[in-house]
Amino acid sequence: MTAGGQAPAGRASAVEVPLAGPGLPAGRGTRLALTALRGSRRFGGPVAAVAVGIALVLLLQGNGFASTLVLDMLVYAIAAMSLDFLGGYAGLISLGQAGFLGVGAYGVAIAEVHFFSPWAAVGIGLGATLALGLALGVVAVRVRGVSFVIITLAMGQVLWGLAFQWVGLSEGDNGIPLTILPSIGPFDLNDPLTLRMTVLVVFAVVALLLVAFVHSPFGLSLRGVRSNETRMAVLGYRTGLHCYLAWVIAVFFTGVAGVLYLFVNQLISPATMAFSQDGLLVIMVVLGGLRSIWGPALGAVVIVLFQQELSIYLDRWQTVMGLTLIAVVLFSPGGLWGLVRAAGRRRDALIARLEARPGKRGGR
Amino acid sequence: MQQFIAQTLNGLTLAGIVFLVSSGFTLVFGVMRVTNLSHGAVYLLGGYIGYSVITATHNFLYGLAAAAIGMGLFGLLMERTLITWLKGNEMSELLATLGLIYVIDDVSLAIWGGSPLTINLPGVLGGSSTLPISGIVYPNDRIFILAVSIIIALGLYYLLRRTRIGAIIRAGVDDREMVSALGINVRLVFSLVFTLGALLAGFAGVLGGTVLGVYTGGDSDILLFALAVVIIGGLGSFEGAIVGSLIIGLIETYGTAYFPAVAYSILFIPVIVILLVKPEGLLGKVNR
Amino acid sequence: MTAGPARPAELPALEADHLCRRFRGVTAVADLSLRVAAGARFGIIGPNGAGKTTLFNLLSGELRPTTGSVALFGRDITALRPYRRAALGLGRTFQITRIFSDLTVLENLTLALHGLSRSKLSLLRPWRSYRAKMAEAADLAASFGLAQRLAAPASDLSHGEVRELEVLLALALKPRVLLLLDEPAAGLSPAERVDIQALLTSLPAELTLVMIEHDIDVLRGVVDSAAVLHLGSLVVQGSMRDIQNDDRVRELYLGGAGAHAPAIPPPGDPRPPAASTPEAGAPPEASPPPEAGTPPEAGTPPGRAGAGDQS
């Protein structure tokens, strides 16, 4: 910690200021800083959440580019958060998640092509994802670690291959457009504003559910499996079952993201399920921060922003993204959210230090 | 019938290219436990470099050599930096090489553009000849590729089975701690294996460029073939890579010819079956 | 065979019947039968390579026997996987300590406490809101002097604390039979040794304790009966007094060994001197987790090709 009192910009130096600062009674400055720090510890999270929520609502009110961008971010955030639930907590990183996003979307689109009502189509899309998750999970959770990555990659590619080549079902490379969105009474998803708010609500619900899961005994058990699976078995856990449930939950929520993706973009094509998209989802999670539900949401924001906005100004954005991922893996395994957490820990340590020494600071 | 024979030959050719890529992948995994997801990107980069050198020198062999050596050096650099820095953390290595895919692809796109390129073989290799059996007219370049892959497979087999360095590599696949316990310079073995793998991938990139073309996305196609091969044959098994390549090459070719709607997907049926029945692969060792 | 202790026991707590386990033609455990009475403090002793670790893994379910069976309170558990055995009351510790090193002490204990309850699949209720389990975790930690360390990541614990946590994890399941592998006191400071000893003696009398050890001296005063293994077979089974007076055991063990000297390999033991490291657990998964506070003796020295149990 710098002891100099020149730049009271950061929290750290703000506290050290009274040391060197003339005129200001040391005790009072410390107390002020302590109050501010404690306040940020208690209210920082909720205040930030409310602020982000308000910002999202405001952005989604507009009709412009910003609202489309925010919608994409929310959709991918759902997928990235569910992937992190599986990959970060249970340690099962799936490189086939874009495939399941596609299954949700294609399920709805294909059902509508076959004259199902929009609501029935949504049911079919989600049902198909769930059924596929239940079936493929039996194979996938037989292995761990690198093998799991490779197997999910293979699964994602099978799904992509079907979307690309099974023209009779999927209309091939062109994809399937969606014409009518579900509506019931005054609640009409064809109305852009209703759709946007619905996406926001679904995002919030999924996020809160995942946060609850993570803090439940089940979530703790996933961390235990990742940490030491043999030990878990001896403690009475049927670890395969826990991995399977985590997989099904992650796949299902990714399917939910797929349905919303279709609603937002009104078109699903194989490009959404390509290998590069599988990789992008993993990058969102790792960049944002494994083992934190909000980190991957942050990662989704950054990557979608990169992809859709910065790519206009920066031709080589993929190079930047790839190098960023490598840098994160090398230097900051906690990702962006890890940096936020580290700042929080530093604050807590600071509070502890300030509390330890009372206002008077005499002999020096 | 004639078509079937031609398809079989096509399948074998593809198997040859896939083998060159997957053998490197599987050796690197077997000895170092590194899952190099950028292996396909190295293949593609080799193809691009080969294309440029051949265009400049009008000599196919120069292109082949440049791609192989260039990618070998690239592999060496990668092993000495990125892989070494990650200190054996399997998941970090996987993720870092995933990031590298985007970098290599993007840089390739910047240099060579997005349109597909084809590498042409010189002289008689660019033509066709009538096969003695059933009088099929078959392109010479595919026969050339098949022959080259067989020669390299034999060479690798000799290297692994009959030389001291091969014995060390095989021992490394079986029991890595043993190798270091025997006082062998493991760092050197790692560098060698990684370089060899990248060299083979670059070499395959030029060969593949003649019949498959050099195109954006070619890297993930070949990577997925290689992954399917190593799952079927067993991660780390050289013989498994041969068997797996044959299975994948033939299924892919027959599938495209006879079941175009699901060709790509049926490729992974053997993968799923193997995972259910024998998760360690046909010739793989049980580890974990 | 005589059952170890004098207690009249209806059903033996743990019974091995003609157990046999071969690895690629090497017989690690050969036709071994044991009866451990309920409430006994039972030791399984033998020099390195005697097959103790294999026997242990057969009992705990990490390995399946080639032939023979294992019964827990009369119930055949030979085919049951470890998590099922745990549910039936068979607890164990690990030689290479296996705790959840990236979780805190509290989280470690909480995992153990939820292990046998349906709440382990609960999705919506935060684990911190299970008051009774939180209190239980705090009590457990306090019983071992870990009360101040509840919030600490397990990776920050000292070697001794890790050993303590290891035992606590096993105890949290309230096992009826507890298998302790290789000196829970190994590598501990004298003070920590006292802690462990105190805990072992304070365990409820109805808990059956099976300790597996290569150093016979450690078991003195802790166990009341024992079985001695050599090269995969049972040499003798009986009370500690009988065993210490047994000629064959003397020959195996006591020939000039000081109070804390390591077990002396029997003559004719083909292994190199390096084999005095305790055998690593069953085959490949036993490699020590790099992040764990690996005990010094668990490190695999080079050239241990033939050391330890054949695996």
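Observations, loosely collected:
Going by the order they are written in, the chains are A, B and C; count residues from 1 in each one.
Rule of thumb we're sticking to: a residue touches a chain if its C-beta (ideal position, glycine included) is under 8 Å from a C-beta of that chain, and two chains touch if they have at least 3 such contacts.
Given the structure is predicted, the values throughout are model-derived calculations rather than measurements.
Seen from the C-alpha centroid of subunit A, the farthest chain centroid is that of C. Chain pair with the most C-beta contact pairs: A-B.
Work out the mean CA point of subunit A and of subunit B, and you get 34 Å between them.
Averaging Cα coordinates per chain places subunit B and subunit C 47 Å apart. Our note on geometry: subunit A versus subunit C, Cα centroid distance of 42 Å, whole angstroms.
Residue positions 285 of subunit C are each in touch with at least two other chains. Annotation for subunit B: residues touching 2 or more other chains are 288.
Within the complex, the subunit A residues that touch subunit C are 212-213, 215-221, 223-224, 227-228, 230-239, 242, 245.
Chain contact summary for the complex, subunit B toward subunit A: residues 33, 35, 82, 85-86, 90-92, 94-96, 98-103, 105-107, 110, 217, 220, 223-224, 227-228, 230-231, 235, 260-265, 267-268, 271-272, 275-276, 279, 288.
Listed in rising order, the residues of subunit A touching subunit B in the complex are 93, 95, 139, 142-147, 149-151, 153-155, 157-158, 160-162, 164-168, 274-276, 279, 282-283, 286, 315-319, 321-326, 329-330, 333.
Subunit C makes touch with subunit A in their complex at residues 60, 62, 81-83, 86-87, 91-92, 94, 98-103, 107, 110-112, 114-116, 119-128, 130, 169-170, 172-173, 285, 289.
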